[in-house]
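Two complexes are shown next, each including chain A; its partner changes from chain B in the first to chain C in the second.
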Partner chain A sequence: MTDLAVPVTTRKDWASDQEVRWCPGCGDYSILSAVQLLLPELGIRRENTVFVSGIGCAARFPYYMNTYGMHSIHGRAPAIATGLAVSRPDLDVWVVTGDGDSLSIGGNHLVHALRRNVNLTILMFNNQIYGLTKGQYSPTSEVGKITKSTPFGSLDAPFNPVSLALGAEATFVARTHDLDRKHMVETFRRAHDHRGASFVEVYQNCNVFNDGAFEAINGKENRADMLIPLEHGQPIRFGADGEHGVASDGHGGLRLVEVADVGEDALVIHDERQVNPSLAFALSRLATGPHEPTPIGVFRAVERPDYGSLVDQQLLEAQNRQGVGDLASLLRSGATWNYD
Partner chain B sequence: MTTKSKLANEPGKVETIDQIVIRFAGDSGDGMQVTGDRFTDESALFGNDLSTFPNYPAEIRAPAGTLAGVSAFQIHISDHEILTPGDAPNVLVAMNPAALKANVNDLPTGGTLVINVDSFDERDLAKAGYEANPLKDGSLSAFRIYEIPMTSLTIEACKPTGAKPRDAERSKNFFALGLLSWLYHRPIDDTESWIVRRYGKAPVVAEANTLAFRAGYNFGETAEIFESSYEIAPAEHLPGTYTNVTGNVALAWGLLAAAHLAKLPLFLGSYPITPASDILHELSKHKKFGVRTLQAEDEIAGIGAALGAAFGGALGVTTTSGPGIDLKSETVGLAVSLELPLLIVDIQRGGPSTGLPTKTEQSDLLHAMFGRHGEAPVPIVAAKTPSHCFDAAIEAARIALKYRTPVYLLSDGYLANGSEPWRLPDVESLPDISVEFTTEPNATGADGEATFWPFKRDPETLARPWAVPGTPGLEHRIGGLEKQDGIGTVSYEPANHDVMIHARAAKIAGIAKDMAPVEADDPGGKARVLLLGWGSTYAAITAGVKRVRKAGKSVAQLHLVHLNPFPPNLGEVLRAYEVILVPEGNLGHLTRLVRSDFLVDAKVMSKVEGTPFRVGEIQDAILLEIERLGSPQAARGQSTKEAAL
Partner chain C sequence: MTSVAERPKPFVLPEYCKGCGRCISSCTKACITMGTEINPVTGLVPIVLDLSRCNGCGLCFEACPEPYGLRPQGEEAAFELVDPSTVLGPRPYAAPQPEPWPDTSVPLPEREPLIVKGTYAAAVGAVLAGCRHVFGYPITPSTEGAELMAKVLPELSGVFVQAVSEVATVNMMYGAGGAGKRCMTFTSSPGFSLMLEGISYMIGAEIPAVFVNVMRGGPGLGNIGPEQADIKLVCRGLGHGNTHAIVLAPATPQEMLDIAMLSFELAFKYRNPVVIVGDGYLGQMTGKVRLPRQMTEPGIPEWAVFGDRSHRGNLMCSLDLSEVGLEQHNVRLNEKYAQMTAEEQRADLYRCDDAEILIVACNTPAQLAKGAIKELQDKGLKVGLFRPITLWPFPIEALLTVLDRVERLVIVEASSGQLEDELRLALSHAEVHAPPPMSHVRRMGGILPSQDEIVEHVLGLEEVR
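The block that comes next holds the complex of A and B.
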């Protein structure tokens, strides 16, 4: 629906009157402000915008937005949002979740929302820790993590959220981080504009229970050498002077190279629109954790009909073919007989 | 079964009987459910009253010929009003030794056995665990036995189709159907055209089934092994249009009707589970009604999606059975907290855990009532017959929408798969259950501006306003955290929590004001024993009560549809009786509830065998209670004494 008369709004219009209650210094503040900065630019209406969340620190997000919102149950936000988005295709439905919420207790709902390509914008705040329950390791924590529940170090291997989303057939997968507002705003914009399920991993610092988890890659002095910006159609390179790059490793994967060593032509050109997700996946495997050079930006953005539109198409086809359902005829659709 | 003989003009004797109970039993691959369904449709078209009870194994294809693989379909047809599929069959059709062995104990002395004798070879007898052939060792001497080589006659009849004997043999259920159709004077034209419709895509199969069906019918007419055939006159019926429905189909149609009456789109979030899946299947067919069905990734997502749709202004429904109910509990709790309309349909089956997936039970009532953490009251509506599932769905939706609450709608495996003729309601006469969305601010903020308070309750119903996304100016956030009364923002304040808990409880309790008072069915008002029931026991209790009254004794009956809250005058009604007997398919769920709510000495009559109560069991239990009471004086003395204790 084209809406010519969308009122002009400012960031303030999108903020609710509720006091924001994350810990001072939490990365969530900058993500909230990036979203509130972006929304006035999208030409959408507040009343048609819904934020749905599960449980966890990130899940308080809807309370701070002056839109419709639901703070639901641990892990279930993608399921609840699926019902809303499918039954109300006119709405802009956002899911705000964390690494525990969406990759542990809600892992099943996340992968199925992605697989179905439900028209949702999913922002996954990854701080690699359980914050609200005061500091247990999460499914994205590095092996050996010492926490209250793992005093001798955690034993289980973490998920790579971008790899997981790609494996779940996501049509839009991106990564950004809480220290770069401009990058967040642009990444969220792309995610919002994508029709279908968009998954954005946001590296987010928990300054109380996991402070500095991403410092090695997104600390001001480290960024140039440790973040690999992905730009569609451009050779993948990074470093203050673009001296590092990404090239094929000859075995179906990718490797980090020095441009001076291999020459510019050896660099891989980023193509987020490849239907085959192999390149995106290889990019997601470049770093084993946020201590090695890590790609940020849009890994994958491909077109596939979203689930809700397909549902509506079936309804429309049925009505075109058979006419709108009539209750009295339905009751008489089996064998009937009359008594006088 | 009463019979009166008459000589008809046609060759062969015809007897008129007033009712008959037939059980078709065979291997689960033998098509017994199809046979039963067709016999049901023929009988319905003919005008008999009827009630059916399919009984099939949980395994889709247990090893052929074994007891584990026996599938059965029982049908009760009559020339008068009946309610149950019959306590025991008068006729057992057994397609193989396992079917005989699994069912013959239910056949009373003098009952009729129709046997597919071709299957009684050494191999099949061994598979069924028979050491000797029961047809030859005299163990079946109490029955009237008809041994018919159904397999070979079917293969012979199907020769013109060119089908291989192995394939042709599969039509033997239609031979049995044809034979029984002849024996009980069923109209057969409809079945013949049905076969063509159903199997039209495989013409050889359609032809084989038709030929087998005719062969069975003709065999009955010409073989002269039956002494007579039987007529059962059509029953008297209220005028109207009838159809035969199973509980699950009626429930699905009830949901479509509820959405239509509420003027809301229907959204079903569901996960496949026996015996509820047929509701998902049925609703998935009716896209032209605009119903959106989502086969979710799990039970939790099924109800989650339904709740999300409800937030968006749809009639949100989830359908499941016991194991699914366990998983959905957290979302039911959220819906209680959010105060959004939601229907949770529970087709109960034998539990605990996986239990008896294909067998009936009524053991989820206390889960529906209490199965959530915190103070989380949920209204409960229970269907009592297959066709009543339609009305119960509308009533459950009405309560959910009006009071903005999740509602449990309980049915069970017996109702779900059982069928009965249903006098179709006039669609125009169905209630309007529509509610208004809130579109305007309802409060004034601290700044003096008009604002929206999502938890400002209607003073009458205590329901909160339902403002759906897309409504300008009413943007609001709701969640599972406790909310400040009225304004609806998060509140951890102790006194407010107390207010909200009481408000939610009062809202649900207040639904009773919205119900008609109940009245026990107590002709003459002399009964001292009351039969109190809920759900699918309705048929057996009603039939049992009728028999007792026929024998000249007084007994009262009350069947509840609303289980939470109870009807407003229930305590008063119960206290008028000296004995309250509660037949239920559990160890005493309703019994506990009425005892604790009303301090009455209700007694449970339990049955947890995966099958419905038999009428005879109910009848005997009532008579025993009446006998125990003895003379009115003695009984009064005793009950006073008990009360004093």
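The block that comes next holds the complex of A and C.
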């Protein structure tokens, strides 16, 4: 089977026959279309591809993919995907989740999938709200957010998902947004090609319950001055003419500068392959929320053996040391006795 | 001639030594070995010293993590085990016995009835019962109750916390309930499943709280249509161990309010969680709700972890490592369950006086059955409704009063027979060995039995044909 060439597919081959049931105008549509555009280019098979989701609007994603899929338990998608990826290392396993699903009820499972570096591609649609239950605040909602469950404003300090993933020492961490299909496709491609756990935060507009949450940074007029594209090996600069940049603040963090003031040499060169995640973390702390200049792109992409490979290696070592197990003799070893 | 002060060699205080062995690895002269004799006082195995090679280096004193495990020789007399009370004297004061602060009842003026949906009615009832602490996680179709609480509680010096999951929710309730506060949650079937672990702990630790479970279609994620398929769970499966809780099944928005108020009384009377089960329709159904003429200002029970001197001996705990102690605890829980079974059965009997055909139903299906009964009575049939309001304990006493005349029981429910199982179990426990023949109208998957289906079923019975 494996020596057969991967069939050539088009975007249509990856779309299922299901009617897409997100609200009209939802940012999820463009993410779906970016994924369906990308998959034919990856040289993978539909029958070897699985989309796993939990609960929430984002979690409807597997219905719309003409691949295998699991629409599973609230927050548990990373755990379910871990089971799948470890038992079937030949599969391409994607996790599609939202900010509520992955950061509140599923926070535990998410950080451990990242920590273990399970070979997964995790797409986290961050709309800073609970959409499916009709508008309650989420772990990424800003302080003071008025929602149905916080009529007097939220008191919770929000998570910064990229910082969180870096804190869990994820080996691939990126951010993109739903208004830039090309950037999404390229980011998802990098995430897919990375071996190990890849985490991509996608800023996604919920036009019904949290409309315009990212308008300040990804609105057409604002983009040039508010999005900081990260490119490996390049000085970090942004603005229509690259007039703004990012430099060290002298205290282990980063600050925004005008290139004209500090000179090009003072700009920080982005290095996504640094094993030490400090630079990536400092980049993730540049913006306190999507109302300040915000880095997008790949924050970190480092090599570390993935969990599935380590499991395989351990099995091989055990078998080399002790030989292939014989169930009958294993059952009779240790504290078992014959009854006469 | 210079003299060297002789450094002390160690001696071991066996009552303090836990046999951790750190001194063994620190000793350069291999003077110390793991013991083999269990110390009768501590039940642990202290190390054994052989000081023939000891040069008094003192490394073992450093290694010993116990303040009095290994000490320099010459200090023996200072380390005899003594009762601290003989050294420190009795406690400077005795904490007073905690006194319960009783609940007070506050009269309310006559008000126009409200027109509200079921989840809101339950929230209003809880507020009137003195509930000021609500925890929850969004889940359709129960979220509105919590949203209303989020809006009204701050003005009443109360708090709603949106937890990060139902697991977090139930543990927040453990905390608030343990402080003697009236707390509740609104959830729906999948969320209730997640709360079961905490409910078992709360029953074990005897912590009151009220859970509103607006049942939806299952199993698993199911859908958000109305179902009654958690009856088995709430009556027979509240987490692990010997657990029970009073389960109340309202049928109208008015009852959602009344039962919410009653639930807090019962939860605190028995120091046990109480579960209110509704169905998805009842949660969303809008109806006229009369407000009671009094509300409750809750006090603080004597068992609460209240944070003052008199309550400081209180411990909320479901752990008991002694088998005998835990069995006694279970015996006590069983006595509570027996008291609930004897005193808390509630049922609504509708046109049962001369009923030959008795429909058994709860929640919204009971309302549908009432409609069917009116239709059937117009056709001259003697049909009545037995509506359990408590599903656990099942109101078998009330059923027995009318059962003699009944020729047929028809169980109407939105589940695969979970209410019928409770009925059959109750009949069996009541030694009713030859109950009337039973038949049923059941729907599942988020669909309620319809009035027409009930009428059709009854008209098709052989007793009627």
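Basically, the second predicted complex is superposed on the first by the 330 of 340 C-alpha atoms of A that agree within 3 Å, B and C clash if a C-alpha of one lies under 4 Å from a C-alpha of the other, contacts with A are read in each partner's own complex, and residues count from 1 in each chain.
Here is the rule we go by: a contact is a pair of C-beta atoms (placed from the backbone, for glycine too) under 8 Å apart; a residue touches a chain by one contact, two chains touch by 3 or more.
Remember, it's a predicted structure, so these values are computed and weren't measured experimentally.
Bringing the complexes onto one copy of chain A puts chain B in a clash with chain C.
In the superposition on chain A, A:N207 makes contact with neither chain B nor chain C.
In the superposition on chain A, A:K148 makes contact with chain C only, not with chain B. Contact with chain C, but none with chain B, is seen for A:G107 once the two complexes are overlaid on the shared chain. Contacts of A:R46 after superposition on the shared chain: chain B is touched, whereas chain C is not. Partner contacting the larger number of chain A residues, of chain B and chain C: B. Once chain A of one complex is fitted onto chain A of the other, the partner contacts of A:S248 are absent, as it touches neither chain B nor chain C. Applying the stated contact rule after C-alpha superposition, one finds that A:H71 touches each of chain B and chain C. Touch criterion not met for A:T9: it reaches neither chain B nor chain C. Across the options 43-51, 97-105 or 169-177, chain C meets chain B in a clash only at 43-51, per the superposition defined above. For the contact definition in use here, the residues of chain A common to its chain B contact set and its chain C contact set are 55, 71, 73.
Interface residues of chain A, counted against chain C in their complex, comprise 55, 71, 73-75, 104-105, 107, 130, 132-134, 136-137, 139, 148-152. Within the complex formed with chain A, the chain C residues making contact are 137-140, 143, 146-147, 150-151, 154, 160, 162, 164-167, 190, 220-221. Note for the complex: chain B touches chain A at residues 41, 44-45, 47, 190, 237-245, 253, 256-257, 260, 265, 267, 269, 286-290, 292, 294, 296-298, 300-301, 304-314, 316, 330-331, 334, 338, 424-425, 427, 469-481, 489-490.
Of all the residues in chain A, the ones that touch chain B in their complex are 16, 18, 45-52, 55, 62-63, 65-73, 76, 79-88, 90-91, 108-109, 111-112, 311, 314-315, 317-319, 321-325, 327-328, 330-332, 334-340.
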